[in-house]
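Naming follows writing order (A, B, C and D), and every chain is counted from residue 1.
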Amino acid sequence: MNLHEYQSKRRFDKYNIPVPRGDIASTPEEARQIARELGGSVVVKAQVLVGGRGKAGGVKLAQNADEAEELARQILGMSIKGHIVHKVLIDPAANIVNEIYLGITNDRQTGCAVMMSSSEGGVEIEQVAHENPNAIIREQIGPSLGLRDYQARNIANAINLPREHWAAFTAIAQALYRCYTDSDATLAEINPLVITGDGTLLALDGKMIIDDNALFRQKELAEMRDTSAEPEAERIARKAGLTYVKLPGQIGCMVNGAGLAMTTMDMIKLYGGEGIGPANFLDIGGGAQADRVAAALRIILSDPNVKAILFNIFGGITRGDEVAHGILQALDEVKTDLPMIIRLAGTNSEEGLEIIREANLSNIHSAATLTEGAKKAIAAARGEL
Amino acid sequence: MAILLDRNSRVLVQGITGREGKFHSGQMIEYGTAVVGGVTPGKGGEWVHGKPVFDTVRACVEATEANVSMILVPAPFAGDAIFEAIDSGIKLIVCLTEGIPVRDMMRVYEYLRHSDSRLIGPNCPGLLTPGEAAKVGFMPNYVGKPGHVGVVSKSGTLTYETVAAMSARGLGQTTCVGIGGDPIIGTTFVDVLQMFEDDAETEKVVLMGEIGGRAEVDAAEFIKAKMTKPVVAFIAGSSAPAGTRMGHAGAIIEGGEGTAQEKIAALRSAGVRIAENPEQIPDLLLEGD
Amino acid sequence: MNLHEYQSKRRFDKYNIPVPRGDIASTPEEARQIARELGGSVVVKAQVLVGGRGKAGGVKLAQNADEAEELARQILGMSIKGHIVHKVLIDPAANIVNEIYLGITNDRQTGCAVMMSSSEGGVEIEQVAHENPNAIIREQIGPSLGLRDYQARNIANAINLPREHWAAFTAIAQALYRCYTDSDATLAEINPLVITGDGTLLALDGKMIIDDNALFRQKELAEMRDTSAEPEAERIARKAGLTYVKLPGQIGCMVNGAGLAMTTMDMIKLYGGEGIGPANFLDIGGGAQADRVAAALRIILSDPNVKAILFNIFGGITRGDEVAHGILQALDEVKTDLPMIIRLAGTNSEEGLEIIREANLSNIHSAATLTEGAKKAIAAARGEL
Amino acid sequence: MAILLDRNSRVLVQGITGREGKFHSGQMIEYGTAVVGGVTPGKGGEWVHGKPVFDTVRACVEATEANVSMILVPAPFAGDAIFEAIDSGIKLIVCLTEGIPVRDMMRVYEYLRHSDSRLIGPNCPGLLTPGEAAKVGFMPNYVGKPGHVGVVSKSGTLTYETVAAMSARGLGQTTCVGIGGDPIIGTTFVDVLQMFEDDAETEKVVLMGEIGGRAEVDAAEFIKAKMTKPVVAFIAGSSAPAGTRMGHAGAIIEGGEGTAQEKIAALRSAGVRIAENPEQIPDLLLEGD
């Protein structure tokens, strides 16, 4: 789960990481009010859960409250890569001497957290990683020891931070690590961390991603989820415990297991050729029960592009009879004439196929293998079944 | 022979009294696995499928001499369940639980590295050794068949798919290992490839990967440097758009790293034959002869 | 540093370990008042930093407030193994069904904390360890993982605790471990932990020892130190950073290093025979400087039994010239005619001996070796030097 | 040869700018030790005895190729200093600092066990290898003399006493090791005895123990089972009353365990000759011939 910039920075503030004393506005008038209270020039920043907002014109400098209002008016409601701007952050403009990158993420290779820093702040770390990988300093953080002060000093030394900033830098690094850990974050990033004209460090921009699997114990953070920009179908899927990603094709896919779901998409692409593709990724998860299957089907049917549906269920923990019940239950609620190709295998698949057969629905076709299922679904999408 | 699991494996199930725990232990017993007991704190003294339930892993191990633990407890408790298994001297721990927070797994991973235990998973389908009638996990009982191909996979259902296709063509397996697709797992492709390379009974190996991370690239490097046995692979997700998370925490392409294309290229350059469709895997295995 | 029972139990209470709701009294009147407020029968318990107070008559049951006052009058001012009772704890009498032992200490062998428990509570754990070692259940606690719930369950299982108490027991075990860790304790012990008539668990008696080396970061605990029972000389020594233990002999010893200090005592015993022994253990520590040496000398001279003083300094981190300055400085302030045998060796010992020689004091004798020093000190104590 | 420390040892000093750090590095350099640099956070760029000071151990190691670290920083910072040395790849860490909280040492001990580093101490006098003119720690420069006796001791000054007495009688040392008397230490008697047993140059061994704990009993068991070289020992504290703490956290007799008598008995039964007075040790060493 991604946090907005302002949410991340408020969280940082709780850990005593210095952040600009700005505030959030939902209307141009609020923006003016905040800018007036801050005094001086301010930055108006679109709050969207997507990168590249600067290039898209979502971040602007205003000299005074009038300008802030005007810019907020332009930015609010703007669409940035499909995300509508509902809120802007009004921060006082900072006197920037130098920009640093400081972030923490999980490292798959070592199985532990890694703090990354670079003297080249303000640009995307992926870009630095690409163009000048040596500019990124990494310190592994063992979970039992946590970040040690000497590790922060190692970083400060390696990025050639002037020594007068070491104490402040170490405090910020420690705070960021605590914030990352306490929040079950998979990313906590200050970019840029700036040295200001008066010689202090300031977290000008912040980003946090919270581990979805840990939201059960992060109630406060879970409530911060901004669903206003989220597509309806994905929101419903999430609530039903499904993983759904909308794609531009015509064949709705319902599969159990991420690997098999991707494979099913791959097969549609492989055999479908130009103009035919999967309409979604949808993993009903392990042990999916009837009501979850029904929810999944409703989501697929809500996509007007869908011309055919391919069910590919290979039961392990998921049982074929429950999937069959789920399909019938959903079809009972959401009527459809779309052709459906059902491929059931694995645990209780015989029982499941029997249940489907007994329902005797004319738009349901069965397939014995994944390849056959994919080919039949493609034919159905083309109206050739 | 086989790897990891054989007829001497004595399996305890952490979470045996739960809905899934009960069902899958039943399936395992039916398959022939020596399930010797289970653990659910607070339910010691009960019985499931005629097997005794204990309050602690230690008590279960003392009473049953279990040497393998299958963990199927809810995600919030799974980290502790792994610690308990390690501390109770279990050498092979198979954690099926999905959705364990990464922070918990980082602590588990650190502890595990300094222990004598091996963890398979979490969020994995488990192990199957058809020739020894031994199963730990979710793999459907009928998919396997005794034989000489080792199978290792990140994915669950994709594995069943492939193994079933192999068995249908008469290509049996020594052991099928689902390592799981989470960002932090106990046993990697490389670990399992090494075991198959060392296993006298395994003649060929099938590897099933997917987008995200670089485990398949590590596997390719290992195969190039160390493996003498032929390997056939399939990588799921060639149609996935970049930057999109596909279910598994693992299945996301990060900053241009971890695409199916790049993994396939690495594996090809290590001499691995690549299937375009998992149902082609039997063909590639047979072609080699 | 030892905490009193009432201090330990108040600390436990902070961690939500259930303790009796008693209070502390310094006078019989206060004891009556507390007993009256508690109502019913109470236990009057001497608060001394020494074991065996029960046998010494320091713990008594009172049926009512009058009796509580009377018993407090008897117990206050009592001397238990040389410790004067200044305070009594008045606790409500508990309805005891069963007594358990639960404690945590540092284990040298494994380098980590170990939780110990036994179904035989209420007696000293050392005694149980001696008579029935298998009755003590041990769980090692790794510092990075801390105590896990399953470890508490392992213990509960092993001591055959009825299952209805497991949840409460686990909570207490966890709280005790947090209390132990947060307090930098080297021992945190509940003995007995009782199961009461109404089926709850209650920490009837508590004991904590705090790591002296950690007091710099345990300000609150450091202030709890009860110096009222501490011998004056030991208190002064502690403040000066010296380790001093009073012993019944005649030869004051000032040595650097615990091992050499003990060896010096051993040599006095070895060569002194009946009736001659060391008057103290005194380690001036590593790198002892002049003022510390002076403080040490003053402490030795405050003991009226001392007939002779043996200085045995083998300089490593400690420097001979500084020791010499310290001796002269102390002698300047505290005049004495007692014979002093000085043996200086190691770092800067030549300089030190030169300084002593130049001071030209008639009661100072030098020795080249430890054996010679010990023998001369014995002779001096016998008035034969 | 010798153990642990020789002329290839390149020593850095953590805490080199402190009063004691400065003095003892000077002594070490005078003795011939290759002190190559020091570390004090915030003082990088300074020089002590002509050696460069760095802000971090890592920077010092990169610049000087130090392979040994001597730690002499205040107790509240010593635990972190050890972690920093371990993380910087230092294989031999000698911590002289006294008064480190036990809780800190428990964490250090756990981390150390899983690392490739060896810790001597804390609260120890350090190491001396006279034949290689190498010293780390407090031992006075003049006490040692090249030779063939290995010395291992819990105590500091008692070691100087004994080593000086040996040297005066012509009995030189391979290496003198002060392991420290704290409850938790990095290297035990048994570890050092094993090294002396394996060291071709060491012919005899002197062990100096004291009351408290059971390290000397463990040593006795090791000597009985594994050692072929003669061992002479002295145990300090036979006159100490039970239950009284004698300075060292280690020097306390706990519940009847750890008395000098019991240690002496254990060592005797392992064939170790016991000195009543440390100044007799040279006699016992010479008698053996």
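In the analysis below, a contact is a pair of C-beta atoms (placed from the backbone, for glycine too) under 8 Å apart; a residue touches a chain by one contact, two chains touch by 3 or more.
Remember, predicted model here, so these are calculated numbers, not experimental data.
The chains that touch both chain B and chain D are A, C. Interface comparison, B-C versus C-D: the higher number of contacting C-beta pairs is recorded for C-D.
Between chain A and chain D the centroid-to-centroid distance comes to 55 Å (mean Cα coordinates, whole Å).
Mean C-alpha positions place chain A and chain B at a centre distance of 28 Å.
Taken residue by residue, chain C touches two or more other chains at 142-145, whereas all remaining positions touch fewer. Listed for chain D are residues 107, 110, 113, each touching two or more other chains. Within the complex, the chain A residues that touch chain D are 142, 144-145, 148-151, 153-154, 157, 163, 166. Chain contact summary for the complex, chain B toward chain A: residues 20, 24, 27, 75-76, 96, 98-103, 105-107, 109-110, 113, 125, 137-140, 143, 153-161, 164-165, 181, 183-184, 208, 210-211, 213-214, 234, 236-241, 244-251, 255-256, 276-279. Taken together, the chain B residues at the contact with chain C in this complex read 41-42, 44, 55-59, 80, 83-84, 87, 107, 110-111. Against chain B, the residues of chain A that register as touching in their complex are 106, 108-109, 111-113, 126, 129-130, 142-144, 181, 184, 186, 211, 213-214, 216-217, 243, 245, 247, 255-263, 265-270, 277-278, 281, 283, 285-287, 313-318, 345-347, 369-371.
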